[in-house]
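Accompanying notes for the structure given below.
As written, the chains take the letters A, B, C, D, E and F, and residue 1 is the first residue of each chain.
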Amino acid sequence: MKLLIVNGNTTEAVTQTVTDVARAAAPAAEIAAVTATFGAALIASRADVAIAEHATLAALAGHYSGFDAALIAVSMDTGLRAARAALPIPVIGMTEAAMHTACFLGGRFGLVTFDPRCTALYRELVEANGLIGRLAGIEVIDSNFAAVYANTGAFENKITDAANALVRDRGAEAVILCGAAVAGVAAGIEARVSVPLLDAVVCGVLQAEALGRLKARKPSSGSYAWRESARLSAVDPALAVLLETPPNPGLKADRVD
Amino acid sequence: MKLLIVNGNTTEAVTQTVTDVARAAAPAAEIAAVTATFGAALIASRADVAIAEHATLAALAGHYSGFDAALIAVSMDTGLRAARAALPIPVIGMTEAAMHTACFLGGRFGLVTFDPRCTALYRELVEANGLIGRLAGIEVIDSNFAAVYANTGAFENKITDAANALVRDRGAEAVILCGAAVAGVAAGIEARVSVPLLDAVVCGVLQAEALGRLKARKPSSGSYAWRESARLSAVDPALAVLLETPPNPGLKADRVD
Amino acid sequence: MKLLIVNGNTTEAVTQTVTDVARAAAPAAEIAAVTATFGAALIASRADVAIAEHATLAALAGHYSGFDAALIAVSMDTGLRAARAALPIPVIGMTEAAMHTACFLGGRFGLVTFDPRCTALYRELVEANGLIGRLAGIEVIDSNFAAVYANTGAFENKITDAANALVRDRGAEAVILCGAAVAGVAAGIEARVSVPLLDAVVCGVLQAEALGRLKARKPSSGSYAWRESARLSAVDPALAVLLETPPNPGLKADRVD
Amino acid sequence: MKLLIVNGNTTEAVTQTVTDVARAAAPAAEIAAVTATFGAALIASRADVAIAEHATLAALAGHYSGFDAALIAVSMDTGLRAARAALPIPVIGMTEAAMHTACFLGGRFGLVTFDPRCTALYRELVEANGLIGRLAGIEVIDSNFAAVYANTGAFENKITDAANALVRDRGAEAVILCGAAVAGVAAGIEARVSVPLLDAVVCGVLQAEALGRLKARKPSSGSYAWRESARLSAVDPALAVLLETPPNPGLKADRVD
Amino acid sequence: MKLLIVNGNTTEAVTQTVTDVARAAAPAAEIAAVTATFGAALIASRADVAIAEHATLAALAGHYSGFDAALIAVSMDTGLRAARAALPIPVIGMTEAAMHTACFLGGRFGLVTFDPRCTALYRELVEANGLIGRLAGIEVIDSNFAAVYANTGAFENKITDAANALVRDRGAEAVILCGAAVAGVAAGIEARVSVPLLDAVVCGVLQAEALGRLKARKPSSGSYAWRESARLSAVDPALAVLLETPPNPGLKADRVD
Amino acid sequence: MKLLIVNGNTTEAVTQTVTDVARAAAPAAEIAAVTATFGAALIASRADVAIAEHATLAALAGHYSGFDAALIAVSMDTGLRAARAALPIPVIGMTEAAMHTACFLGGRFGLVTFDPRCTALYRELVEANGLIGRLAGIEVIDSNFAAVYANTGAFENKITDAANALVRDRGAEAVILCGAAVAGVAAGIEARVSVPLLDAVVCGVLQAEALGRLKARKPSSGSYAWRESARLSAVDPALAVLLETPPNPGLKADRVD
């Protein structure tokens, strides 16, 4: 099983952190990683996300070949839908993976995040996944991912308190610690939280592996079928190849009649 | 990885079918299975489900020891919430597993079932999972599980047509073939459906394995924490032991303060 | 009008309390009651509920004959759907009855319950009834039904405060006091709550009586039609008779064409 | 038990039809009726509804005294919320009553109506009741209430077909025949429909009786508490009295602290 | 562009306040206003709303001729649906306009209102507009519209605090100040709120102007098509003319086939 | 009033079509337009959308200065949230504008689109706007935007039929014709549809003008406040300037306390 991790931020160090956590969680898999080549060092705004949609897709286009599945290691699941449609291999987002995994462990789940200005984006992500009925609440620690990444240890108590507040006050029965920058942190504090505390990167790599083994067919109809772009201009060459070359000449016709 | 499959129907042959499919899908796992000892041969009504809630829990109580995770192989996910709360190991339902997996492969999913009298139960199951916003539709083949199980080959064309109808008319981007009795059937026809056609038993065993590896902590608060039953009477001895003996004396206190 | 009350707990004293309250609320009805013969003394966990689904159905199977309607007097409405499908008479749950009655008295309603570990189950019950849009909130008194039943008087102030908090902070315009164990308590404190405080047993018996008088036909199609179980094994004889004998040989065909 | 029926249409004959059906359904109750004195003969548009909101409230204001509960016998439940707030007795709408009753008999319910231009209003009514998740569908017979009322017999086959179509194609497990003008019609055809076919007037009178017996307290806070109108002008004298005179001088204070 | 404002309250001074604010917001439009001739001086209860449904429609019926669009300047959008259906010109409600405008400025919006007894009505208004998923919360200042209108200046600090609380605690990204009586107040305090603070009258007049310029066709089918009332009695003559005279003899047929 | 239109497709001719329609709809406004400089000629897949998120934002960044509001003229509203957050002027999407405008004209609205592979994206757009409860349905003409744009006249009958089908079969009370490529087409056929047929570009320019006149304050908190990107790399210089330079040095602090 070969898995590709893509970091939609341009910070290589985060890529390395994520990869280390993923390898520990899926020791039998062969895991490689790629980092976005343009955009923000750490995604922190809606504009950063828009650029990263493109950058994530481009990074995957250049490196997916030979892998069984890919994991998008940005907590906004940036570029996920585009990559899932364009690539011939399964693609999963880390937060998406964590949310659906949380549904297997309890009733409603909570999210712990780090930036009041991004809270709305996480709520939108839950809604876009159709899971708003399972959201107990979001606890936001008043900081930002850059500060947290610089010193994760300093945030352990706040994370623990936020998670237990979700359990006590909102009825969360599982809690997701959001953010690629905090990959690996949950393991150190999960014993202090009274419900499962999920590391989204761990969930993501386990689900990527499951999808790699499931080998579901690539759809040939619907919005996740591959589709040729019309006269692309000024995009990365690897991305152009991905979007202009049918992934499988023998792919069956669009409609099944 | 040791996985336990429980069949809430009393028909041993279905247990064997499911186990064969599960072993093929998760060759590295050690898989055992147990069959309910009371209730209906094949669950087909709300009354059958009510009895099977109890029977599934009792069967798991008697056999879970030593396993890393359990899979409930009844398409109604019968007894799932009770087992998840009572057992110290993770428990997953086959249809639950398939629905969340479908969310990783497309936008909205469809279900193919076999009994007009059970359609409402599947819809309730989707709703109880909080996934109604991702349901494209349910196609029902006018038969019943007993007839289908007796001769699955005769239903392949109908299943294919039903799945493609969900894609064409309802916008399904993944389709789940429901029912333990049809485990293994999807593999033979998935090439004739233009989107992923999911075998719920395969999804279930892959997710059980993922949960076994995730090793999320057992909650000590909320509705999925283990809880001592008050003066149980006239229940199966193994079930009584499960519900009357704290699974872990050192388990931390109920509230985290 | 003959009404049958079933208590899915095995505690006879609760059955008696409920019956007394029901008789006072519906003096013109002839009311009898039956208690579950297996399971927990007081249902307090998801596992207890699973067993009680079976026990409630079995208790009804053995005693429904000759009654015009039945009331399930467990606040989880345990076994309701199964009993509604299997029995030829109408069956109603006490909390279901109270929630729909609350909708006739105000906009959104609140619930007062007694056990933090069961809160999630009540929310799921509201959702399963499709009434989540009318739920103002749930206030949980940190105790359990056994403690409350042992000394209801000691909880009157807490219940009053919880109900008024739902009105003041959540906008509840009616409040339901949940639990068979607190049947009769609302009457003593309703004057201290500024919106209707509903006794779920009272609502249940009034609705059972209304259904008994409505005499709606038993469905012959859909998931609430009676349906023969396939080769039942090891179940209570009365339950086997109910599930194996068509209730009405002249019942019209399943489909109306 | 004294029940008051109000017809928000100005057609006395409909009032008589409704009253006859109600008396047959609740033989022990003493039932009187009042007809709106202004507005449309048969409500058929949004403008008619707006006028009838006022007319229904005015009619109730002039006649409610001495009754235990009131039933609004217009299928749009016209004026219901206003009357429920303004009157010291419980008030129920016929369609509201039927929808909640349907929830006691099956999973999702269907509506049969008679005028394509009013279909949207019924859907809005279901939504306003928070019951859209339990709506299987609405079947509209291409006619109007005036034509149906003039010759109900001619519509029996169409109603039967519409109801069975809701069962077969939409999964309805109970069907409501909407409209005061068709009160009494369901009884003649219910045997030809495979699920309960509800007469909304019958449901309404049974629920009015249940509310009359429940004797829930009148709220003193929230939007359904009585509230003095500020300087009313040019309204019916009885309505002015109702809205300008506190119903109960000893009524406890607005807030419970 | 000629716009008609209708005030469903009978207080002329409010009409003048609203008109002044509207004229300042849309200086190029020719704006006239009409005040309801019966009902409450300031709408404050469900009963007042019911009367105002009728009064608003009647006021519009008598004055709409020659205008391009109409704005209902009552924060409950009283009579909106009826007027939209009955009149040949577009009609918009002030709160409806503000809510949809808020959706163009942020994710979820909050409402600031002034009367705890009306909070439920605002929530119902949001729900009736299908926008509950975009509601962050409602903050209620414990007063009433009469007190606020008498001295708006005294409430500026409370409004500012309430708006900022919605931003800080509920995640509102735009806030609507509800009420015709507070038209013009937002302008003075918007600089002290960290997200857009919307004056609903301003939003209403801008949207009325946009609809006037859009010149969408009047529907000839559906619930918003004009429809003749059946034998109206005892209504205002202008209203009778509106509801009994087809607005456009050449209007195309009801069904398009 | 100066309005900027941005076309996220790279096809200049579409930009010109849109601009012509916009100018006719808002003759008093000064309207300019800009076309994306990279990505697909006509957006037709999820991958095209991901690239266009970036391209739209970059195009706006280079040209917004001096404008009062901007309109994104791509039917997916591509890049809308990012642009709304990053720019100091209001930004609106054409489909968003049309959907909210439709809400002012009827109950539920329908969409007419041209590409079965994009249907899911439109549904997601409705959901992301929180308007799924107002969606009557989507009718898809089996073609694609390139074909439609090449010969819009040939599609007029199909569009008319699709719109009327939404009215007749789904209860749509307003219909939106989706797509920048069909700007101007609705005007020619609206008389043949029995409810308002909305041109999304027309709605978009009218709403852009309304927002330009509303002059709501730019938020300084929440997810739509401007926010500095962290170490951007390899992005368009104008975009870098926009995201790295605070738009207003005197902008008040993030939190209002």
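Just so we're on the same page, a contact is a pair of C-beta atoms (placed from the backbone, for glycine too) under 8 Å apart; a residue touches a chain by one contact, two chains touch by 3 or more.
Computed from a predicted model, the values in this text were never measured in an experiment.
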Query raised in the report: In this assembly, which chains make contact with subunit A and also with subunit C?
Result: B, E
Query raised in the report: Which chains, if any, touch subunit A and subunit E both?
Result: C, F
Query raised in the report: With chain centres set to the mean of the C-alpha atoms, which chain is at the far end from subunit D?
Result: A
Query - Angle of rotation relating subunit D to subunit E [CA atoms, steps of 5 degrees] - result: 180
Query raised in the report: Which one, E-F, A-E or D-E, has the same contacts as A-C for more than half of its contact pairs?
Result: A-E
Query raised in the report: If you tally contacting C-beta pairs, which pair wins, C-E or A-F?
Result: A-F
Report task. Averaging only over C-alpha atoms, locate the centres of subunit D and subunit F and give their separation in whole Å. Result -> 43
Query raised in the report: How many angstrom lie between the CA centroids of subunit B and subunit E, rounded to a whole number?
Result: 51
**Report entry** Centre-to-centre distance between subunit B and subunit A (centres being mean Cα positions), rounded to whole Å
**Finding:** 26
Query raised in the report: Of all residues in subunit F, which are in touch with two or more distinct other chains?
Result: 84, 107, 119-120, 124, 127, 133, 171, 173, 221-225, 254
Query raised in the report: Classify the inter-chain contact topology: is it line, ring, star, complete, or other?
Result: other
**Report entry** Chains touching one another, given as label pairs in label order
**Finding:** A-B, A-C, A-E, A-F, B-C, B-D, B-F, C-D, C-E, D-E, D-F, E-F
Report task. Would you tell me which residues of subunit A are touching subunit E in their complex? Result -> 119-120, 123-124, 127, 132
Report task. Spell out the part of subunit D that touches subunit E in their complex, as residue ranges. Result -> 10, 37-42, 44-51, 53-57, 79, 81-86, 116-121, 124, 127-128, 146, 221-225, 227, 229-235, 239, 242-243, 254
Query raised in the report: Quick one: in the complex, what on subunit F touches subunit E?
Result: 25-26, 84, 90, 92, 96-97, 100-101, 103-107, 129-131, 133-134, 164, 167-168, 171-174, 190-198, 202-203, 206-207, 209-211, 213-214, 216-217, 219-225, 252, 254-256
**Report entry** Footprint of subunit F on subunit B - complex, ascending
**Finding:** 107-108, 133, 171, 173
